[in-house]
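Pasting a structure below so you can have a look.
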Amino acid sequence: MLRISGGKVYDPANGIDGVVKDICIAGGKIVPDVNAPGSPEPRSGEGGRTIDATGMVVFPGGVDVHTHVAGGALNFARGLVPENHRAARKFLHTPERRAGLGGMTPTTFATGYLYAGMGWTTVNEAAVPILSARHTHEELHDIPLVDKTTLVLMANNEIVMDLLEAGETERARDVVAWLIWAAKAYGVKAVNPGGVAAWKWGKNANALFQPVEGYQQVTPARIISSLASIADDLKLPHPMHLHCNNLGLPGNFTTTIETMNVIDGHRAHLAHLQFHAYGGDDWSSMRSESARVAEAFNAHKHLTTDAGAVLFGDAVTITADGPWQHLLHQLTGRKWGNLDVENETGCGIVPYVYKDRNLVNAVQWAVGLELLLLIDDPWRIFLTTDHPNGACFWRYPEIIQLLTDTEFRKAQVKQLPAKAQQRVVLADLDREYTMSEIAIITSAGPARSLGLSQKGHLGPGADADVTIYHEKPDDGRLFTYPRYVIKSGEIVVEDGDVRATTAGREFVVHPTCDNAIEEYLRQIFPKIYTMSFDNYPVEIERLRHAQIQPCQ
Amino acid sequence: MPVTLRLKEPPPVPLEAETLTTDATALLSHADIRALPVNLGKRQRRLDDFFDVDGERSDEIEIHGDATRVKWIGRGMTRGRIVVRGNAGMHLGSAMKGGAIVVDGDVSDWLGAEMTGGSIHVHGNAGGQAGAAYRGSLSGMRDGTIVIDGGAGLEVGMRMKRGLIVVRGPVRDFAGLEMKGGTIVLAGGAELRTGAWMVRGTIISLMSIQLLPTFSYACTYNPTFLNLYAKQLASLGCHLPLDDHEGGYQRYTGDTCVPGKGELLIWKPRA
Amino acid sequence: MTRNGVTIVDTFAEAFDMRAARVVITAASPKWARTAAECMTGFATSVIGCKVEAGIETDVSPEDTPDGRPGVSVLLFGFDAKGLSDRLLDRIGQTVLTCATTACFDGLPDAPERAAAGGLLRHFGDRFQSSKFLDGRRYWRIPVMDGEFLVQETFGIQKAIGGGNFLILASDQASALTAAEAAVDAMRAVRGVVLPFPGGIVRAGSKVGARRYKKMIASTNDAYCPTLRGRSDAMSALPDGVNAVLEIVVDGLDRGAIERALAAGIHAACRAGVIEITAGNYGGKLGKHHFHLHARLA
């Protein structure tokens, strides 16, 4: 048994807001405190370690609801940027740790060490093509310490789109269900609905209500509402996770608000909202419209979102949004990689750098923070940077500082180019995040949104994923170096050092579907795929410590 | 008094010796220099496992022996002088910022790669990618001078951004590949595709070379700016012809397929 | 004090803070370097009317020029760095850039304040220009019809002194002129100075303001005009026997250069036909650099 004693506990899911109390752990779970007044008799054989957490704060382990850490797209990106690897942090192998490279596209083992080293214990790999899901799972298999979920790309899947075109909505639902289990995924991801399919013709899908290239009935709006509805029908623990059309383009805030209206009535999670909250008519007039987006979002109470905030510095943009990446390549002249995934999706990679003197980048920097401050319910907006698109995940503490220190934040705003300051509202926002709210946006909220009821809180029965920070660290930067990180009840990081390497679990769902759908798919498969149907589904054995989460 | 290192025998596999810099030896005692970590393959060893060491606390180093398999000598150095009385291995002077390196013999690939200052003079031959960018980097050497008395290999000055490379002997394919600035003087001829994908910068050839069809002829003249280089090159033992009576430089601009604004200046003696 | 029978008045020349730049012009031959230099330093006698004062400092041999070609060095003086910077741009652009075979380099490499004349001139190249960076300096290559105009990007500007002077009071015009010419030859051998007026000599020396015209900045120096001696409405400063006066004005990079130039010039001017050597000042109230004549000859 492990006891964490004397720390100030933030457990917003259970209404605990900075109370000094003990946390008890046994068998990988949080258990009731036998020493608390009114608790049952102490178990026999209680022994074990006590962590003295005086002067420290105790948080549930971080949950990253949207990141790109494994699989074909990320590995392609790794290949595209050898210069980043030369500059990256090196992990030399030790008896406890495998070798690896940090940087913007860390290698598998290093990804686990970096996330856990920061106090994050669950990550959601947000974009997996079914065709290469096996590759993703193999990389996730090699990411130690953290638990994982994956979302499988569905909004440009041509089998599904063909069914929607023909009006066969029931069959479409069964196909989606079958594909989720074939990919051994956790949920549905929709990226630029219709746009990536159109990119196979060199086109995009910029208008929500216009048919997608090659279709008469199927519009991006149709895909969005269908997938949202399917996710709800299948009772997936996490709703449709949507990367809206027109990402990155000036004036796209109207698309975002229209999309919210299209979804109306269903659950949905809007990914990296920052990239979808711009006004203006072109790059030279681009400005923030976070206020309008936040207002609409606040009113659509069935939606959750993540910030997708940007920080100044180097990044690597990796996204299934092929046409946007081609545009970024043309705008910047940076090298560009593009992959096609037959019948399903694609991806584009462009290394990029966000500069504080660049007007557009300055607006982007402000918008992410504005959304975090203007969306009033912290249970509905979560801390992400769409790693590695907006900034690298280990820079989350910088965003936390900007949210919790208004004076510091305003000083940073004053450093932006004068023109940029006029295009954003950040200077006028005084809200300061409390520790409890930070615990919500980094852990409790995303866990709830992902439907992982055993994560994101420190009540009895929760997975014992706990992060302990010094309340007043020497360098003033809270959250950068946890004093302890506990994963499934084991101390894995102590004083910034990885002490034990455990393997995380992978959560998957097995939604119900009509078994006849497999026969349907087996018929059409050989006509459209270059892979044989029997090789297509991922064997459950490929996943390390797979755990099926119920659909209810 | 320089720090003197005598190679006991050539190592069986490459020795990674990036700790062997003047910045290190300038500050260290004899014992500490001997204990500098080097990697033989993947095993960490001591410098004196491979070299007999004399001297201490000097920013001058003299290396004796065939160091063809000793890599990364002088990496990132900022001061002082390294003299190699023999051959040296790959990545010699990589990323150096200042100081000087002189080699009596030959060097391998990646000489002075991505250097930002200082000078290197190789009396023998060099390998490929001298002064070049490592894979993926946007540019190669940013400043400094490399002089190679012998010939050199592929991709000399690849993606260079500034600085000066002089090769007295012949070079192989792709000299100045994708270069974005800087000056390369080829005194001994070149193989194919010199200046391919050039964006900016100058390649001067004192001999006729085969040109890509995407370079266009402009004129034959004696550019004034070459007089500035001539002075510096004379002190390095390289003579740039400048006399109108002796001939002129044929100017080609390219590489049009980029489109680039680089120039090739090919010396044509007066008939 | 006398020297060679000439009275040296115990007075001082009053000179002013200025800013200076040095430009080294090279060309295919000494003739063309000089042609550009003469054109560049034309109409540059006084900052008041010409906005700059300039002159040829010396020839520079090919061994000493940056590009190993024959050259001429020119000094320019102005009241402030901004004005001088603008003049450099105008003059290099209109007279050196346009002159056959020239190139143009900075002659004050250690001056920390830099004028971006070459950098601004590059726009004449209409985006066809390119640059080379060598030894920490950038040089622009501007395509022109005879090849390329090579110009350094920045030119140093340093503190300097302008308005050093002395007056030669002689028995007749011819003697004044011979003495002045001798002085000019001697002074032109001194580095770091130029004599901005025509041939180095001022025949129409001026005083501040005017007696009768309210708006004039300067007017004839009536105290030294021989035809005005004896008038009831003028105060002459001329001793007996003086029938013509000529002035030498010298600008220099530093005090030492002006002192050397004045000494050489006054010495050469003390010859037959010259009665007195004096200097112009404003009572010491306007310029902070004072050059005492007696100290120059001590």
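We just call them A, B and C in the order they show up, numbering each chain from 1.
Rule of thumb we're sticking to: contacts are C-beta pairs under 8 Å (C-beta built on N, C-alpha and C of every residue); 3 or more make two chains touch, one makes a residue touch a chain.
From a predicted model like this one, the values you see are computed outputs, not experimental measurements.
*Asks:* Have a look and report which chain pair racks up the highest count of C-beta pairs in contact.
*Replies:* B-C
*Asks:* When the mean CA coordinate of each chain is compared with the mean CA coordinate of the whole protein, which chain is closest?
*Replies:* Taking the mean of C-alpha atoms per chain, the most central one is B.
*Asks:* Roughly how many whole angstrom separate the Cα centroids of chain A and chain B?
*Replies:* 46
*Asks:* Cα centroid separation between chain A and chain C, in whole Å?
*Replies:* The answer is 73 Å.
*Asks:* Spell out the residues on chain C that touch chain B in their complex, using ranges where they run on.
*Replies:* Those residues of chain C that touch chain B are 66-69, 103, 130, 132-135, 139, 141, 147-148, 150.
*Asks:* Over in the complex, which chain A residues touch chain B? Could you list them?
*Replies:* By the definition above, chain A touches chain B via 80-84, 86.
*Asks:* Spell out the part of chain B that touches chain C in their complex, as residue ranges.
*Replies:* By the definition above, chain B touches chain C via 143, 162, 164, 181, 183, 200, 202, 221-225, 227-232, 261, 263.
*Asks:* Touching chain A in the complex: which residues of chain B?
*Replies:* Contacts found on chain B: 134-138.
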